[in-house]
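Both complexes shown next keep chain A, but they swap its partner, so chain B is in the first and chain C is in the second.
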Partner chain A sequence: MKRLQSSLGLLLPILLVLLIAAWPLVTSQASDRESAFTILKAITLAASLNILLGYTGYVSFGHIVFFGLGGYVGFYLVAVQNWPLVPAMLVGGLASGLLAFLLGKAILQLRGAYFALATIGVNEAVRAFINNFQPFGGPIGLTMNFKVYQQYGGAMQALQMAFYLMVLLTLIVVIVSHRVRVSKFGLGLLAIREDEDAAEVMGVVAPAAKTWAFVLSAIFPGILGALFFFKNGSVEPHDAFPLAASIEAIVMIMLGGYGTVIGPVVGGLGFQWARGFLLTNRFFKNIQLTVTGMLLLVIVLFIPAGAIGWLRHRFPKTRRVLQ
Partner chain B sequence: MDFVLASLTDGLLLGFVYGVAAMGMTLIWGVMDVINLSHGPVIALGMFGVYLLAAALGLHPYLAVIVVAALGLLLGIVIYAIAVHRVIDAPHLSTLLATYAINMVIIGLGTAYFTTSPRNIEFTLGTSSIGPITLLWTRVVAALAALLATGGLYLFLQRTRPGRYIRAVANNRSAAELMGVPSTKILALSFGIGTLLAAFSGGLISTFFPFTILSGGVYELKSFVIVVLGGLGNPVGALFGGLILGVLEGLIPVMMPTTWVPVVEFVLFVVILRLRPSGLFGAKQ
Partner chain C sequence: MKRKVYLMILLLLAAMLALAACKPAPAAEEAAPAEEQAPAEEMPAAAEEVTLTIGFTASQTGKYETSSGRQVRGFNLWMQQINDAGGITLSDGTVVKFAAVSYDDESNKDRVQELYTRLATEDNADLLISPYSSGLTAAAAVIAEQYGKVMLTTGAASDATYKQGYTQVFQIYTPASRYLAGAVDLLKATDSAVSKVAFVYENSKFSTSVVEAAKAYAEEQGYDVVLFEGYDPETTDFGSFINKIIDSGAEAVLGGGHFQDGSTFARQLYEKEVAIKFLALLVAPPEPDFADLGDAAVGVIGPSQWEPLAAFTPDFGPTGDEFVQSYTAAYDEEPSYHSAGGYAAGLVLEKAIRDADSTDPEKIKAALDAMDLTLFFGKIKFDTTAEAHGLQIGHSMVYIQWQKDADGNLAKQVVWPADGATAEVLYPLH
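Coming up: the complex of A and B.
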């Protein structure tokens, strides 16, 4: 019984992801599949950012850099070098991880708001760099030759395969984020979040722990970027580095619950659902950004712990199962 | 060489205006440790305020800039009361997100109402040529106005009672409270002055550049760079930071394509944050 309870912390988010994945398979509508893909993409971004933001307490406005860079590297390998998709995705993830490692050496010594400011700078610098980098097509970007999809049995099959890969990736992110949460490494990260100096005194090697948390949180958006732009068929700087998407990922984490495993899953689902509702509603269509902003403000001001954090606080019994 | 001089003058004049925008951000940072992510939209509101007052009411653009600055003060106090006051002592994430939420609200309403098509104000003061340099008088006036604003802010902070209160709160809020400084009012006032400066700089920019509701974002990013150059929380440093950025923007296009300007700016930004987080003019920590 006790074992079951402790593993529920992992089983619940996995179950939720599987439900989202099963929805388009049941309805077998292509549009549902696209919606589910968008939700899973949001969950992957939020859950990977949560390792840095939720566990370690470092606010990054540059999470989307890793998505964009991995996307560009993966896309370049598939479209120009004719690599198969899966190795290209992995290399995209590695490229992002490497960038995070180097950046971590440079800016993770900055704390609090200074780190947040530096990540904004990194986002803009990388975007401007890609805009001027000719092998990646500069401001025009790259487009995929349609023939590439033939290897996967045509565009329809390729889309279906991309969806399955997306489900798999989301599951991996959720499992990794749970493993980190319950590990000694994760405990060190949480200690850094609460008080970095105290954590160091207690024997947490903060620079190393922070760097690895940053690398781990960067690999998944890199893989995701490669997959997303493969499915998209083209990549350009404007789509690859939207600062707003970094902030949306933060909103999802705040909505679901900062530093929990299931929080980003709930938050990603809730945020995308709300946005879908606002975008299709005749009255809210034009001011959806405003409504989202107000929602964010209300969360920040009144329920800073997010939905899961609020539940855990309000009903202490749920703490056993909600992690 | 002629081209360098012309480009440098242009950059320098713009630098003053960038400096004023950044001054607002750095004041808010210095007094209450809040990075105001609603800065860009307020700059854009300043542009549209001047546009509406000049186009709809036929006000002279410079008069409109002053009206807009006054409205900026009010707007700032409202933003502080709604979004910032409750989370002022919470971790940075809360204030960053709260001000970003305001950003989203303004941009959302702005795009719904004004759309994102570019506007401009039909206004010119003519030009004068001195050797190779062509001076656009609107930019010279803007630079002078920026200097006046800096001087005014400096005198306000140094010589008036509210100014002293602001410096006291920036220095140590709890000690200031014990000395009877009404800290909530002072915080609201500081936030108001910060947004006043943002709206003011937006208004000045609108007299010589076309703009959209999203234009503020560009100047917000420039403000980050300038604030870091001049030292977070150092208003006069911000003016110098603005001038440095202006000069860079004038010089870089001489050496490489203009599109590389943001790369250089942001690399500089990260390097300075890393090596001298207190800014070029701040004391070494």
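Coming up: the complex of A and C.
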């Protein structure tokens, strides 16, 4: 029974992701596939950030830097070096992981607001670097020839394939997030979140644990960036490093419930679905930002622990299931 | 206490909904219900009425809000006028009217593909108009091409999008690569003795694409590019760049980027009394606020996609004056070149349908390929080669210069091309 309850902690978010993936397959609407892609992209960003923010307690405003860097590296390999998409995505992820490793050694010594500020600085610094890096097109960025899609059977198939890869990536992020959550390593991260000094006294090697959490959380947005810009056919500094996207990822985690596996899935789904609905609804589309702001205000005022946090608090029995 | 808070929030939400209900529908939808205004059964039996749906995203929020809003207003004015005039009547008696569907892209690439897919599939848009900006248009072009929908781009000057093998995308604006080419031509026509040119530009996507092409063009024309230097978009002190210009011995300076940096650069060049003969900057000079620089604005040249002053003689559609009058009457604001671009996109679409004498997308596309006409906006002709299909090759920028009139007041004058000029160029600069 306990084993089943533990498995549900993984099965529920996976089921949710699969339901999102099945939605466009059931309706056979290409626009639903695109909406599902946007939701899964948001979930991947939020779930990967949750490894650092939710488990370790380090608030990063620079999470999107990994998305941008991985996107650039992957896009360069596909569009300029003519690499196949999947290896290019993996190299994009590794590039972001490497950046996180190097950064982690330096800035993870900072705590609280200082760390948060440093992550904003990193985003700006990398953007400035890319803006002046000619192999990546400098400020002009890179554009991909439409015929590249022919290698995947045309644009229609390429976009379909991008969607399946998106589903797979989201599932992997959720599984990795769960493995971290239930592992000894994850326990160490949670201890750091509660009290870093006490965790060190108890034998957690905090600098190493934090660095690996940072690396792990950076790899997935890197892979995601390569996929996203492949699908868009172009990449430029302005699109690759939007600070607002980092903030949105934090909001989604807070909405869903930080530090849980299913929280970012619920938060990403709720936030992006609501945004998509408000944007395209005839009645709300001109006031969608106002309505979004009001909803956020209501949620933060009344359920600050997020949807999952509220459920866990209100119905203690769900704590074993909603991890 | 808690109940009071709940009550307040409910009241706020209710007030918000009430406000939303009072807010007028977006202009795209105001002009849209052509079907409702002229139901098919009221038409003579022979005249079948077809309503073509035109889909686009507009940046109703975010940093492109102003420019995109003007573009949409220009397009909606055309749609309103054509529908009010009874639509387009084809030779078989079919009356073509137009309806628009649009969404807010938030000036953000994230949802552009999602929204264009929705326009192409769920809303069954027959034709598409691009979002504002080259970045958003690049993402939308993939979808337009995928679904075989003709997309007219306006507000998207970058050349790169049209060199990616697309066949459905047609550009209204002069491409970035030719933004400053006319300035080089103007310089050559004005003073053939000038040989040293400096490029000082904002290090951003748009400005860099423009000056890289202009540099190549200037070198082709035999100019010696003595300085080619980018500056950060946040730059407020151009002292070091000005010193480099002086050291280089440049006689003409081209570059700039956006309004703030461009106007600061022009002011500091004037204050330091740099002995240059010719100054052409991107974006800033055509803006009316540029006149706030006073004497520093005199003689500064700037490229614009369109100016109300430009005296083109259209062989289709209204004259510039007629457009300005109808736009001002409809929206109570002066049209910018973004507004003119939106209106011109509608005119091009209308002409293509008239030339094709059909609503068949393939025939409309063929008509666009064959198009060669002059609008109040300027000349329109598209590249039909496989390398750059849809790239605008007919339209050219107009170049304005700030000059003082007889009363000593600053006023914009069109100085290039010669056939649209309203005044002789003021040369040398200081």
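Observations on the model:
We adopt the following convention: the second predicted complex is superposed on the first by the 301 of 323 C-alpha atoms of A that agree within 3 Å, B and C clash if a C-alpha of one lies under 4 Å from a C-alpha of the other, contacts with A are read in each partner's own complex, and residues count from 1 in each chain.
We adopt the following convention: a contact is a pair of C-beta atoms (placed from the backbone, for glycine too) under 8 Å apart; a residue touches a chain by one contact, two chains touch by 3 or more.
In this text, all values refer to a predicted model and were calculated from it rather than measured experimentally.
Of the two partner chains placed by superposition, A:N82 touches none, neither chain B nor chain C. In the superposition on chain A, A:I120 contacts chain B only, with no contact to chain C.
With both structures placed on the common chain, the touch criterion links A:A155 to chain C but leaves chain B unconnected. Once chain A of one complex is fitted onto chain A of the other, the partner contacts of A:I287 extend to both chain B and chain C. When the two structures are aligned on the shared chain, A:T318 is found in touch with neither chain B nor chain C.
Once chain A of one complex is fitted onto chain A of the other, the partner contacts of A:G112 are limited to chain B, with no touch recorded for chain C. Of the two partner chains placed by superposition, only chain B is touched by A:L296; chain C is not.
When the two structures are aligned on the shared chain, A:F146 is found in touch with chain C, with no touch to chain B. By the touch criterion defined above, A:F129 lies against chain B but remains apart from chain C after alignment on the C-alpha atoms of chain A. Put simply, chain A uses residues 131-132, 139, 286-291, 294, 301 to touch chain B in one complex and chain C in the other.
Of all residues in chain B, only 33, 35, 82-83, 86-87, 90-94, 96-98, 100-105, 107-109, 111-112, 221, 224-225, 228, 257, 259-260, 262-263, 266-267, 269-270, 273-274, 277 touch chain A in the complex they form. Remark: chain A residues 53, 57, 59, 106-107, 109-110, 112-114, 116-118, 120-122, 124-125, 127-129, 131-132, 139, 247, 250-251, 254, 286-294, 296-297, 300-301, 304 touch chain B in the complex. Chain A meets chain C in the complex at residues 29-31, 33-35, 37-38, 131-132, 138-141, 143-147, 149, 154-156, 159, 231-234, 236-239, 242, 245, 276, 279-280, 282-291, 294, 298, 301.
Those residues of chain C lying in contact with chain A across their complex are 5, 9, 12-13, 16, 19-20, 23, 26, 29, 60-61, 103-104, 106, 108-115, 117-118, 120-122, 135, 138-139, 141-142, 145-146, 158, 160-161, 163-166, 203-205, 207-209, 212, 230.
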